[in-house]
């Protein structure tokens, strides 16, 4: 393991109820291969996030065969496919616009890797409010909502005033000028006028899904 | 005039259609008295903005008698009261919450000083969306809307998706943490997902009213 | 109601499961009195936040008699005391240091106003790690944890690696230099290396409690 | 439609008087093709903004034949060419320097897509003031002026002191050092010493044109 | 001297041609008294800047008698009055508005302490351009111009395009919202579209005067 | 001229004593060619700045033959070579380190285009103070010094305490981490503890040279 | 102890070699009294930092008698006076200017509370370089140097190029404009061109002393 | 030497005890070759940092043969290999995660170039606290610890509360969203709740090693 400087957090699932995941954005192909070899040896399934298609292409053939890669969300499942829980989706993943879909998919895939089905509801940003209002009843039925929005990120505030579910806002980096990079969306959701919205890092679909899983663990307990 | 270092912009009304106004926040009482004495000598009416009640209290008795001071908006009219135009209000001044009212009043008073009546619509922030939806028809009837909102400033985006009038957003400094000072509200409205919203400086009710007056001048031309 | 520009969000409890609350920081005494008079007429209980002791002192005697004011958290209950739910605390409110206690108390009081008991665990910042490690088992027993920390805000990350409960981090404005105002604590918790931590605005104990109440609603459903 | 996650805002023109537009910067070629196929099926004309020439090159041949693409402004018209209104230009689009022309063209093209002719006046930045002073009379004749400027963005302030038309300032990202990205230009126009200037996001020629269209709608009503 | 922790830079005039000056904003009354006692013992004249009237009032009577204090600029001369050079002013100190006058006076007083006369030209901000254009010929006659402006600080750019003298811009902290504190004015003058404008710290009238004195030293050499 | 949207500022030299210069960073090759064709027609010499070698390579052969291009400073002279003034250098261009040399060369080339010789003194940053101290006498002999420094930009402060010449500091973007982009160097020189240092935009060698030329014009007058 | 929410880190000295200290800036008088009562009961000596004179005045008489308070550094020793180690000072505490002395004193007092003598060297900022150069030999003799500087904070860089001792830079909040609050000084020392300088938080004399004590512990081991 | 504008700081080792090092990020291949030719002529060994593999590939064959290049840390040794000191490692270089390893290696290589052996301890971030707690005894044995961490950088605070060694924190630029670029990690370590942690620039492994070498010099003296 010394060659790739990675000490897997083997007891994480036991301690905090979340699987081991590997953030690939700043890792070399050699490091990723080493980590997956370790996982294969341990027989554990791994979720990979921020895995660029260039990185996927450079991985060895053995690894390739075991990867379920989704280019839109840049996530991959390595190892045995986790079973999908048989209940109806308990998490709605909602986006304001097309540009937020990739982030939402990262959340959906993270939930899927934990066996949790999710409902995707796209393109209901507040500039065309009727698209959202038509679906209020549907939204109200979910105990947990992940709401991804960039630019002014007004959507989580409006949703927060309409439903009683737990709301995790994911600001996205979509946009330009003052919106570039997602800082405006982040600050907007933190300053939301609707009470009880909590927030994760910009573009952090993975983190939002983990927060949802912690809530579902509380529901299941 | 040398004693207070102020050169009045006498031809502003003629050139740009807006009256002379005096921003009092960084001026001494002596400077304000000098400016008003000049105005009195010229027989012109003056709008004073950001005039603190402490400054009002310190002004000489002669000046006092000629001031129509409104403490909430910290504005004053000096000199002959301008006539109110007889038509129905063409500008709606809308606020998200109670904390935005003072800024809205600065806009209303600036419009009033120019003879323009305005309709005030308060406390229709998006966290309780029904308050806004009940008034969409009313909002739709105005050619110009000034929308003041702090915190996440989601209101202008929602209004911008509902009406076709010209919308001038005024971010306000209400709030704390990331909302403190109004920078988040400012960036949020600049990044609005609703098209065609234009923006003025934080807490700048005066500037929003001036922008509205420029639009009404175009309408009247 | 026109005199204080406040439109109460009467159906909020029904819609989103949270009581009406009044943020007092930017409101005048007259505005607060008007809001409370409305609430008294409607017979509803109100939670007041960011209510300074100077504001309390200036409120009329009638109001005074009906206020349960806590100076540390700057919160007050107005109207009939809500009943405390009889179950054991399901929310732990944890602080890194003494400077974070006031923020934590705002959360505790907001929970109390909703009838939810809470456990307070103070002064377990990571610089003296043994204080935290001694209480891991206790922390593990809560489905929801609110963790308030300022400065480098390392505590939520460490807690997030130890327990499986839902974690809501509240960055606080304690500190000086780069820590002043809480921006460093905020960014630190958003960038947490522990997965699934969600975050609210700086010093927003109220918002953290509302997020906790949304989660408990999911648990109770 | 599910494959590209796009819910068109079909009633936008009816509600707010502005056509549907597609911001292409963060969309894949597949997403754009899907959106245009939908539009073709509905028989509507679409304005595409921030469409890179690389994206254009990658679009299918069918789409290509229906695109009127302008590389400087990175805009395209898809579908039947909208008719140009027969009146003289009512909007002047003014730039401080050559670097601002692309942003100005985005505004001109957006206006053109709505049928509005515009007058372009370039390179009249204040460092060579005579260039602007020679054209004051011309500028005065327009009810609406869009003024694009980067760096210190002094031009809108000077124009704002010379004419009575409605002024929409577009800060641009031209420049380097403190000017890089347009934040300085943005803040400069927001802090303008000339009253009644309103502002849109950095490089947002599209938004400025939409704001102008809202004003012209008020004029036409 | 040890009691006030101050090591005077005795050879500064000889080395760099500028007198010793004492920045009083962060010094105690005791520290200032100690410094002045040292200066009195050495028989040197001292310029004090950022000296609040409260500090002046707290200084001992002996010191008082030797101070020539100007409350507007918060400067004082201590010790023998320096002689005024007999030539015409070679430095014009120009302001955009009344709020910039105090900063301009700090420059004028610093020049005066060095024996240099200066011409003050106030309130010629670009929103009323005719005020400036009337005085172009006068401005052209000065080899050095100090231009103080806050808010959008457009004045130095316009002046820089009209005259060939050396221009030192002093951004001021006048204004509110995005203008508060002077950062916008600072960045605006650094990004000026007029070539060859140099800049000093926000509100730094003293530094601008020192820069002017360095230039005059070059002229005199 | 309409095809490249460029209105040359023909009277700049007469008005402000500085030649026309073309900032090429945000211009297309076609725009540059158009500008040079105009200049050739007028028979004037042009200074081009921020001209990338890729742009040079793309320019037509005719233009190529008339360009004196310096890749390090990314400047070019177009048209007849300006005569070098016969006097000894009056401007010293000083750098803290190798990384600042390109910026310094832009200043040297700008001076050269105006006929002013300059002395270059490189690599005298304060971390090896003896390198600077050995040259104090030399530095003292110049009426104007341009000092380019990145990172902490301590050099201008030290030079400012040693010489009486006019000092124009150019912060550079050299460095990484907190130094990246030059903002730290900029703020450091603006906050300099040495009096009378004036500052231009980050990496703005051209502007520093123009400021020097304004000072030399005062010296020559 | 529950009443003041403070869990003392009793084993800190044993673990990390540093005494318990109490940061008083955000604590109430009641909280401080409770902490000191606990310390008195345990018989331990306490260092109090950021203790305002108003807080001292409000403390009870019993506490007062046991406090050794220094108003300049706002520090106090509570309990038995720690013994001063008999060796010569091993730490030099150096300041650039008078405004940095209070921060330096906080470091000196913290060292003193740990028994370490320190040498203070004040007012040797680089604008008057001879003051520093005269003392290079003295500075070279210290194994550890704490260097406090505000504004452009050039001093640590110059010292770092002259001596081989360990250097801990303390940026201070002295100054105005871009220097206000110490952010510029902080970034400047982090970007220092002299290698091996390490940095603590703005105005953090206490932390600098603790870092020095850690180094001296290594020396003593 | 004039051709590459580099004045080597020949006496640095003698003065400050640190070898000459060359920061290659902003240098051309020609400049690097010139510097190495000089060093070869003087017979000195040089440490090169931030040397990209593209730069290495472009260097001439002669230079190549004398370079010991490490691609992970982007460092190279040029000239005779320095001898490794025979004692056990006195510096522990600790990382929170795999993404921080490259920065840690820059520190290890800098130490190695000075002859100091170091112990590397990787991947002990606080989200899996047991990994760190298992190694506390080992960590306690080092007089100096360099701790590299990105994102929320909680590791240095936890280490600082566990050991008494001198701690130099290196914030790294690993991460995305609010963590991107390392600013959050930097501010987090500066605000650390553990006393006596000192900090260097983002990703500055070289500087951290130099700070360690200064401390070891004090230990050795």
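By written order: A, B, C, D, E, F, G and H. Residues from 1 in each chain.
The rule we apply is simple: contacts are C-beta pairs under 8 Å (C-beta built on N, C-alpha and C of every residue); 3 or more make two chains touch, one makes a residue touch a chain.
These figures come from a predicted structure and were not determined experimentally.
For the pair chain B and chain E, chains touching both partners: D. Chain F maps onto chain G through a rotation of 180 degrees [Cα fit, steps of 5, range 0 to 180].
Interface repeat of B-E: among F-G, G-H or D-F, over half of the contact pairs recur, by residue number, only in D-F.
At the chain D-chain F interface, residue numbers used by both copies make up under half of all numbers present, so the two copies contact each other through mostly different positions. Note: the chain lying farthest from chain H is B, by mean C-alpha position. Mean C-alpha positions place chain C and chain G at a centre distance of 35 Å.
Separation between the centroids of chain E and chain H, computed from CA atoms only, is 45 Å. Averaged C-alpha coordinates give centres for chain A and chain F that are 49 Å from one another. Across the assembly, chain B contributes residues 12, 127-128, 160-162, 175, 177-179, 183, 186, 190-191, 194-195, 201 that each touch 2 or more other chains.
All chain pairs that count as touching, in label order, are A-B, A-C, A-D, A-H, B-C, B-D, B-E, C-G, C-H, D-E, D-F, E-F, E-G, F-G, F-H, G-H. By the touch criterion given at the top, residues 95, 98-99, 101, 122-124, 127-128, 130-131, 174, 176-180 of chain G touch chain E in their complex. Across the interface of their complex, chain E is touched by residues 4-7, 9, 11-12, 23, 25-27, 31, 50, 173, 181-183, 186, 201-204 of chain B. Those residues of chain D that touch chain B in the shared complex are 12, 15-18, 21, 143-144, 160-168, 186, 190-191, 194-201, 206-208, 210-211, 213-215, 217-219, 221.
Every residue of chain A that touches chain B in the complex is listed here, in rising order: 96-97, 125-129, 151-154, 157-158, 160-162, 175, 177-179, 183-185, 187-195.
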